[in-house]
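Chain IDs A, B and C follow the sequence of writing; residue 1 opens each chain.
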Amino acid sequence: MNPETALIILETALLTSEEPIPLSDLSRLFEEEIESVEELLASLARQWEGKGLELVEVAGGWRFRSRPEMKKHLDRLNAKKPPRYSRATLETLAIIAYRQPVTRGDIEEIRGVSVSSQILKTLEARSWIEIVGHREVPGRPALYATTVQFLNDLDLSSLEQLPQLKEPDSILG
Amino acid sequence: MNPETALIILETALLTSEEPIPLSDLSRLFEEEIESVEELLASLARQWEGKGLELVEVAGGWRFRSRPEMKKHLDRLNAKKPPRYSRATLETLAIIAYRQPVTRGDIEEIRGVSVSSQILKTLEARSWIEIVGHREVPGRPALYATTVQFLNDLDLSSLEQLPQLKEPDSILG
Amino acid sequence: MIVARIHGELIGDLPRDLYIPPEALEVVLDTFEGPLDLLLYLIRKHNLDILDISMTELTRQYMSYIEEARQRHELAAEYLLMAALLIEIKSRMLLPKPAAMNEEEDPRADLVRRLIEYERMKEAAIELDLLELDGRDFHHARAQQGGADLPLLPDLDVNDLVQAWLGLVSRAKMATPHKLGREELSVRDHMAGILRKLRDHAYLEFSELFDCGKGLAALIVAFLALLELARESMVSLFQTEPFGSIYVRVSHES
């Protein structure tokens, strides 16, 4: 298979995939053995330099996304945008993201208030959090963790790419 | 706004939209008045000639979609397991392969049951069998034989490469 | 009046911006995410050192807020619980420490730990909200997949075919056992080939059906195929004059 054809197939798959495509899956696109999918990806990324989309690697694999400078134009088109989340929801999400796996009780302990089921449902419905197990204490409370979808939607390739937690510098003071 | 920038914005919007974008909405992408969005769309469509996606107008407006010939590659990503042929279909094909040219009546005689038209249509649609003539008996039944495509798909260079069968006598023995 | 002590330094004056008009209280309390959030607000607003909180001052401020709030609307139980906790810590700090209990932890330690953890999470939430989000700050490519959704075609290998054939044979439904060997198969192959050649022609000259380049064996097989076709009345052979060319055509019903 000549490289141009391979690039067209790769590009088409990445532009039409609903999810990021893992590197290991990309080679399945081709009947023949492809020497280096990484090289093809690099060529493809170069082809898109100066265009409105860029090829990025996120937690789930590779995908195309619009460049930041396109936002103002796309905003003019999209009347409905994802809602901004309430502080309670964002704090709950932050605790799950940084302290996972955590139970609802853990979240309530940190926030000092009860956590409404609605907040957890909202985050679950968004596929940003999921139950990954149960803590083996009376009542077996569910343990929550963030999902790959959460990382993908924020264009992060791993949890380590989350913003660094603020060091309580006053402790050192 | 220069035409290249306008094309990039248009392309980005169309590639990132979940739904087709109505023509009337497309002009909203640009701050300035755009003379002819139709002309931009035509230029964009030309830019994508020979690529894996094509710009199409559907009921809801304009969208990019992968060309039909890309489907076989994209399907490889979704590793669905192919179905199996029924025993009736396999037996019919085996009879045509080993006893060609045969009529439907011949097949029915060997199988001892009637052969549905659907089976023959399925095999013809797959381009594995074809009608090579008619037997000159009342009704002039069609004579079926296997095709070159059949040999190719089974990786055989000729019918003689089909496995030799044990003498039926010994099986019937 | 000493209101705060920061790193041993005594602070006597309350900053002016501390005062929140009571009518604004309802709105303000609504913006707090709970007692820890309110405490953090008070600590930051009062420039208190979180590691060396003046419990007296913090408790006084906190109590005045929730007293005001209670007169206006029902207050979540967590706020009252926190009030009790603050008072407890304050009273424990007032008790003279017996020498033996020097090792004991500062009564504020647990509260401070919780405040620090909550503050970190609170700021992390703000940071999270600043991250670029799909559909808000950028969009992923979502072009449609085209092409009719054809059902997948079944795979087939030679073995499937052989098994099917053997199954047929073992059912022994055939009136006369057919000999199927390499040679007969070859004849059958040529029979189909001859019919294929004749499909597009009214007739063909005898020699056109033979490929001399394939050797004697192939010629014999082709000839056998032609004879078999004639025997089965699938083709007819004719000659216009003795020793003239032989023509082959597909049989037509007479």
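Everything that follows uses one rule, which is that a contact is a pair of C-beta atoms (placed from the backbone, for glycine too) under 8 Å apart; a residue touches a chain by one contact, two chains touch by 3 or more.
None of these values were measured; they are calculated from a predicted model.
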Of all chains, the one whose CA centroid lies most distant from that of chain B is A
Of all chains shown, the one whose Cα mean is least distant from the combined Cα mean is C
Per the C-alpha means, the centres of chain A and chain B lie apart by a whole-Å value of 36
Per the C-alpha means, the centres of chain A and chain C lie apart by a whole-Å value of 10
Chain B and chain C have mean C-alpha positions lying a whole-number Å distance apart equal to 28
Among all residues of chain A, those touching at least two other chains are 15-17, 53, 64-67, 70, 74
Residues of chain C that touch at least two other chains are 139-145
Listed in rising order, chain B residues that touch chain C in their complex are 12, 14-18, 53-54, 56, 63-71, 74-75, 80-85, 87, 90-91, 93-95, 97-101, 109-112, 126, 132-138, 140, 143, 145-146, 153-154, 156, 158-160, 162-169, 171-172
Touching chain A in the complex, chain C uses residues 7, 33-37, 49-51, 76, 78, 82, 114, 116-145
Chain C residues touching chain B in their complex are 139-148, 150-175, 177-182, 185-186, 188-189, 191-192, 195-196, 198-199, 232-234, 250-253
So, in the complex, the side of chain A touching chain B is made of residues 8-9, 11-13, 15-17, 21, 25, 28-31, 50-53, 64-67, 70, 73-74, 76-77
